[in-house]
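Pasting the structures in now, so scroll down.
You will see two complexes here that share chain A, one where it goes with chain B and one where it goes with chain C.
Let's turn to the complex of A and B:
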């Protein structure tokens, strides 16, 4: 049954207006990215590459948050949820199916973005190699983690609050990688423990920013790449499990 | 079916859109044509904080910050105070700390830092620090090593003061190179530096390197080109002065014209190993020695009597030795007066509430002195500029042509 729900969610997501509009926004922004390269006073390839790869992350996270935060609420509003739940279906099947469908749509959308971005970079004469593809795949992992964050927060709060908190988590997740460099300000003690505990409870999204080095043709060791993907998978599993735990008991 | 009410709303929407588009378009009507040269860089956080603010887009944030700072670079080429948020000498330090912290692999940051901190602000220790940081991040980058070596050789005179340290540095440079050819180029570079040092042009490769990395037509390009032109003009003048002094010693009377300096015996005695590449004497198509113009295309001139002392210069052992005649280069004079005009313009922009609005008012207020022969003060875009008569021969091509 999970695959049926996942398939339906996948089709529903790729047809959603927010999904399509943000993909169009990405494509338009990529086409304009060369302008920033021109004004940089260099040959513009590195600058354009950075911009294209960052746009994939920004547009992807916006798509993930916009779609995941309304995933369950749309079903409730349209009353389609009750048709599904009236069947002998464990609730976790519903939640996992919904997430898998959404994740599938996001992966397809991200892969399309990556392909468009790399094609554009190649057409403008930039160096397009395997490292960029790895950077793009890690960005896809980042986007799916953010979808899981958004789903988890949707289970705990309304869609608007969940979307806002998701974007805050995105900022925090990237700050987590930098926090160790700032810990000396706390001089040890209680504050340090609080800070470390809170920071450890947020996904470290800086693990997925290899795109910055990839723009210079640097290669990520494949072992490290695999560890990053495992890290993403663990967070996704954890966040979906929390969402299931909350929604199982929730009066819908 | 379209209703009248809908037409009204649509008409309002179309008219409204046209109105705001026109309003936005008006912003571009009075846009300055040239490159703006002021920029407020007061908001420059610490590198760690900048990393957090970048939200995972460090490289992009650094590039945008860098592009947004171009106006500051342009301004500092003339102003040279590196003042941000009321504190002088901090802007570049903070800016490059952020840029290199966020995006350490982008080469243009290092090149620009070397130019802005070293050549423009004369804070060579900071420029050297950034270049050495670059050699650690990109150890196989020949150009970064070369720029650092030039700083050590020309600014710190390390070859003379601590030859062992210079040798150690060159050894490190050679060991970082990946091919035998690159390793050999380190030794070739050292030999070339020694030749240039003996000619007084040790800094030339540094500036050529900077010129190659600057954007044609930018303020940095003009600044570096003028610096190289001045350096070559001084070199040419000194060479001719040397020939004139040798002529006086040989004939016991000073030369009357520069053509008298084209005596093969004099030239052979001064240049036993061949003519220097940027010198004032060249061999023409008929295989005769001939004089070359100075870098802006003006002929060098020979004037009777010793050269007048520079204003404010104190007498030194070298200045006591005077010549019976002196050589002048109009390029040097023009560049000096252009720098004077820039300095006056900046002084009046910074200080005066009501800066002069005409050439006469500016000349009366600033008193820049009479301009050199063949030039005149002019007033353009509310700025004092030096208009120069066309030179009889084309100026030298300072920027090497792309192959």
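Let's turn to the complex of A and C:
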């Protein structure tokens, strides 16, 4: 039954006006990025490429947090889950199906953004190579991880708090990548222990920010790319499992 | 008849503000016979919807035992034989009716090959065929209610649990809903529904329960309740003492069923019986009186209850 729920959630999400508007907003922002490139005073193509790739990430993370943090809450508020939960399916099918449907919509939206972005860069004469595509795919993985973070947090808190904590996790997730250097300077002790604990409790999102190097044409080893995707999949599985464990017994 | 649904001392409370809990059900015990049409009556906030949501697996954490089809409620597979219409149903706005019905049909376990046929059946019953491609966000309240019933009966369930099924319907569609519910019953389904429109319960049900403040006040067969009404004799000719004779020469006598033989035998010689009929106990009257009794002469009923206390009794209908 998971695939049936995922399919309906996917269709409902991609047809939502906000989803289509976001894609339009992204396309418009991509067009405007060239202006920043012109006035940057440096290599305009590098700046434009950086901007286009960053826009995909920012738009994706915002929409992932906004939609995942209300994914179950909206069903409760609008009482749409009544006709679903009264069917012969366990609750975890509902939670996993909802997440997979949303993740599918996010992946499609992100893929569309990536395609539009790369097409625009190619049309404006920028160097569009394989590294940019890998960078874009890692951004998609990051967006789905952030959706899982929001779903997990919304199982534990209200949607507004979950969205706020998700954005804090996003900031923290990008900082934990620099932790080894920080630990080296701290030389052990309590601070190191705190830092290591913190790092292990938050997904290291810096793994997915290859877009900056990709803009300069730097290639990511495919083995490292695969490890990053597995890392994302493991975090997603863990976060969704926590959400399921909480929502299975929670009064909806 | 074996019970298709039974509640045995079921209690349930919601989380209120801070540490307070709101007690919605308090030792509810009821039994819905298989094949019956069971009307669940109660004022707003009495506990009807909570009971129905527990049955539908939407609410968790009750105390006491609930059985569905003779099995403890916990097994989700039991709900394959359950059709549920929530009160004021809401649906995904961006899905078309046809898509939504296919979606819910698949969740109910209808085989993909049989879905089209099942959908056609409910389209015809509820006149939804022309709307099948329309998105649900464009539906009126009545249309949503029709779709709500359609999704509840789509998989031909053994038990139909309907929460205020007539809400938001015009008189024509109320009549149509009754027809559909009667057809479902004829098919073999048991009906369990709550309603504020007591005449609809009278028309459809053979069993009833009255719930108030989370407690079942009484339950039983509707025929037994209505059969408790006294008899009314209308006659002409010599009247018994202390009976007033109308200007047209007729007089009336009211007495309970057990006194029927003695009263008829004691009629004065020459009296001519025009009619002997049972006074109808309108469920509406009974319901109001029962709830009023349970509140102790209007206590706890609030402004509406106090108004009811002083209201004239509604006119009694008669049946021949």
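The criterion applied here is as follows: the second predicted complex is superposed on the first by the 247 of 252 C-alpha atoms of A that agree within 3 Å, B and C clash if a C-alpha of one lies under 4 Å from a C-alpha of the other, contacts with A are read in each partner's own complex, and residues count from 1 in each chain.
We take it that a residue touches a chain if its C-beta (ideal position, glycine included) is under 8 Å from a C-beta of that chain, and two chains touch if they have at least 3 such contacts.
Predicted model only: the values in this text are computed from it and were never measured.
Once the two complexes are overlaid through chain A, chain B and chain C fit side by side, free of any clash as defined at the top of the document. Superposition on the shared chain A places chain B and chain C such that, viewed from the Cα centre of chain A, they span 150 degrees in steps of 10.
Contact with chain B, but none with chain C, is seen for A:170 once the two complexes are overlaid on the shared chain. Contacts of A:178 after superposition: chain B is touched, whereas chain C is not reached. Of the two partner chains placed by superposition, only chain B is touched by A:218; chain C is not. In the superposed model, A:8 makes contact with chain C only, not with chain B.
Residue contacts after overlaying the shared chain place A:209 against chain B, while chain C stays out of touching range. Superposition on chain A leaves chain B and chain C with their closest Cα atoms 20 Å from each other. Shared interface residues of chain A (contacting chain B in one complex, chain C in the other): none. The residues of chain A lying in touch with chain B in their complex are 36, 39-42, 46-47, 50-51, 54, 57-58, 142, 170-171, 173-175, 178, 181-182, 205-206, 208-209, 211-213, 215-216, 218.
Contacts from chain C toward chain A in the complex involve residues 14-15, 53, 56-61, 76-80, 82, 84, 86, 88-95, 99-100, 103-104, 106-109, 148, 151. Per the touch definition, chain A reaches chain C in the complex via residues 1, 4-5, 7-8, 11-12, 15-16, 78-90, 249, 251-252.
Within the complex formed with chain A, the residues of chain B that make contact are 48-49, 51-52, 54-60, 63-64, 66-67, 70, 103, 105-106, 108, 215, 218.
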